[in-house]
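After this come two complexes, each holding chain A, first together with chain B and then together with chain C.
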Partner chain A sequence: MNPLEITLGIMTAVGGFVDISELVFAAQAGSNFGYALIWVFALGTIGMMVFGEMCGRVAAVAHQPVFNLMRHRLGLKLGLVALIASMISTLITTAAEIGGLGLVLHYLSGAPYLLMAALSVVLLGATMWVLPFKWIERSYGLLGLLMLVFAVALVAIHPPWGKLAGGFVPQVPAGLSSKELLKFGYFMVAITSAVLFPYEAYFYSSGGIEEQWGPKDLPNNRLTTTVGFALGSLLAIAILSGSAQLFKPANVGPQLPGTSALEAAIPFGRTGLLVALLGMLIAIAGAAVETCMANAYSVAQFFGWEWGRRKKPWEAPRFTLAWLIFLLLPFGIVLTGVDVMTLVEYAVLFSIIVLPLTYLPLMLLARDKNYMGKYANGWLANGLGWLFFLVVTLAAVAAIPLYLLTSGGQS
Partner chain B sequence: MKPDAPIKLISQLLDLPLLDKDDRWCGVVDDVELDGSPGKATRIKALLVGPGAYSGRMPAWMFRVVKMIAGDRMARVPVENIDRIASAVHLNCAAEELRLHRVEDRVRAWIPRRGAL
Partner chain C sequence: MLRRPLVLLLLVAGCSRGPGADLPYVSEARSLAAEWALVNEQASEGRLTGAYVRTMRQAVREQLQTTAKALTEPNSPYAREIEALLREPDAARPAELRAHAGRLKQIEDDLESA
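Here is the complex of A and B:
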């Protein structure tokens, strides 16, 4: 194991963990329910660690990314249904990220939102064309470490550490009305979805193949998915806690993604605001690249096309065409003028519905000794895997009723 | 596993990805062509690759939609061209020899060959 590679892998995972949905739901969760939803972030992160580790292990041992497995395990018809559903959910997520980029650039420059969204698409497309996979992953992940400003800002405002630590204990706050209880339930589902987005599995497992992992990379995979994801999740928890400390007492509802940046502006002034906005910009841009490529990976793997960004764009032509389309289509959605927050809500809603279809084939393969040999799931991975599969299935079943009953968390 | 070994068709072969001799992805096993007659062993004769092979695997209306979007082309991979079957089907020849990269090559003509590191 190369210590530099491991450190870079962990830092990349930290910097690339937060996306627009986590930014939005972390800030809103804190302003609505204080520290009471921290445990949902923590639980979701453990789920992400479990499934992420399996994705990486399967990629390293069976050399199979998620969508190859999905079609082989679910068959052509159900596999097609899963492909179309995941494409729709990831397309909406990309649209939310592009809208978020447009908003943050608008805050930074004052230029019109749609013009800035268009500029984002051009810049994203250029980096994806020019840079090979490792550079794309590392540059967005490492620059995303600017998001650490939220953790530093939290320390600077001296939160009640005891209360914050209490948020890690599973709980439902006492004294909530039935409407508030439903809203709490909606936030639980939305946060679970935002942390466990299916595109993360597609991107991570494809990344393992892109980097030509083998069994020797398994310790690195384990460290990245445990330490890297845990530290990344702490950033989201810092945003939630900052919001609980600053926005809840003032009855501020962070209705726009940019509101979160104020958490750094309050202790550090203009510099804090600027670093937070830049961190958000990079984190959202990284997620936009991941979602766009995840969709191209899915389609290419499902139909057996040449794929991968370690190859030159013309060496995997249909894959290249696919990611260009999956970048332009979401921009088309943004151009319709649909609100970014609505896109974020639809993204988490569609994603949670797709999650069981994503993780079932992965579970089945990761435990299959025919493919995985001595690297097949042990009792711990199997137990945790089925437990979290049950959690995401319950969340998927509850998602639409809760969305309708709470008008998307508004009531 | 070798292609003449006993194989559970549905679970082990259908929908597996194909890799050519240079480890390039070149399709998925969409269907299989079998050889045999009553009283004789049934053996795999060829793998069928491409949307044209979906016809027996989905309802007619669904196939009509697929045909409208992706066409009904189909390539045939004779069993002699299979090197081994693992988590993918590994071929012993280049994808071009079996016309598995026809669409890939057609799209390649539209992709500019510049600017990438």
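Here is the complex of A and C:
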């Protein structure tokens, strides 16, 4: 194992962990319920580690990306349903990310929002066209480390560390009214969805194949998915905790994505604000690339097209056309003027519904000794895998009723 | 089997009117007032960039206008409070904005407990 590669892999996972949905829901969770939802982020992250590790292992051993598995394990009809559902959810997520990029550039420059969203699409398209997979992943992931400013800002405002640590213990705050309990439930579901977005599985497993992983890469996969995701999740928890400390007492339940940047501006002034906005910009841009590519990977793998960013764009023309379309379609959604926060809510809602369909075939293959040989799931991976499959299935069932009953977490 | 509860849920969640239905908007307006106050407070101390302050104030105002239009009870005390908030200048004093947020919070709490 090359220590530099491992360090880079872990740092990339940290920098690439947070996206617009986590930014929004972490800040709102902290302002609404203080530290009480930290454990949901922690639990979701363990789920992400379990499924992420399986994705990487299956990619390295069976050389199968997630959508190949879906078609083979679910059959053509159910596989097609899963493909369409995941395409819609990932498309909405890309639109939310592009809208988020437009907003952050708008906050930074003062230039019109839609113009900035258009500029984002051009820049994203250019980097995806020019850079090979490894450098797309690395550059966005490493620059995304600017998000560490939220963790440093949290330390600077001296939060009550005891209460914060208590947030890691699974809990439902005492004394909540029935409306507040429903809202708490909605946030639990939304955070689980935001942490376990299905596009992350598609992107991560396709990335393993892009980088031609083999069994020798399994320790690296394990370290990236455990240490990298855990550290990345701490960034989201820092945003939640900063919000609990600064926004909750001020009656702020962030309605604008830009409000989160105040968490760094309050202790560090303009420098903090700029670093936070730049970190958000890169983190959201990285997620936009991942969602867009994830959709193109899914379609190409499902229909058996040539795919991969290790090839020149013209060597995999249908795949290239697919990612271009999956970049432009969401921009079309943004152009309709739909609010970014609404897009984030829909992205989270649709994603949680798709999650069980994403993870079931993965679970089935990862435990299959015929495919995986000695690298098949052990008892721990099986136990945790089925436990989290149950969690995401319950969350998927509860998502729409909770969304309707709480007006998307507003009441 | 699941159709009937879902339809009922949609009716309850989507078609109601009155203060209960307006609660999410009151909550949104309360937060926007508080966000505006926080931005103006930090801006007055020179801790934010000009572009950020301008765009955040503009976004708050636009969202408040959307919220005000969405209310099902346009002559209610909360609708009047949101209108009063919208009449504040961009660079309003944080204390003024916090007072609006406080009044909206009070209304929100009353509606929630009703």
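Simple rule for what comes next: the second predicted complex is superposed on the first by the 411 of 411 C-alpha atoms of A that agree within 3 Å, B and C clash if a C-alpha of one lies under 4 Å from a C-alpha of the other, contacts with A are read in each partner's own complex, and residues count from 1 in each chain.
To be clear about the criterion, a residue touches a chain if its C-beta (ideal position, glycine included) is under 8 Å from a C-beta of that chain, and two chains touch if they have at least 3 such contacts.
All values reported here derive from a predicted model rather than from experimental measurement.
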Chain C versus chain B on the shared chain A, clash or fit after superposition: fit
Which superposed partner A:Q301 touches (first chain B, second chain C, both, neither): first
Touched partner set for A:L277, first chain B, second chain C, both or neither: second
Touching partner for A:P132 - first (chain B), second (chain C), both, neither: first
Touching partner for A:K369 - first (chain B), second (chain C), both, neither: neither
Inter-centroid angle chain B-chain A-chain C after superposition on A [Cα, multiple of 10°]: 130
First, second, both or neither for A:G269, with chain B first and chain C second: second
First, second, both or neither for A:K77, with chain B first and chain C second: first
After superposition on chain A, the shortest CA separation from chain B to chain C (Å): 25
Contact set on chain C toward chain A in their complex: 9-10, 12-14, 23-25, 27-28, 30-35, 37-39, 42, 46-52, 54-56, 59-60, 63, 98, 101-102, 105, 112-113
Complex interface listing, chain A residues touching chain B: 62-64, 68, 71-72, 75-77, 79, 129-132, 135, 300-307, 312-314, 317-318, 320-321, 371
In the complex with chain A, residue positions of chain B that touch it: 14-18, 24-28, 30, 49, 54, 57-58, 62, 87-88, 101, 103-105, 107-108, 110-113, 115-117
Residue ranges of chain A touching chain C (in the complex, touch as defined): 31, 106-110, 177, 179, 247, 250-256, 258-259, 261-262, 265-266, 269-270, 273-274, 277, 401, 404-405, 407-408, 410-411
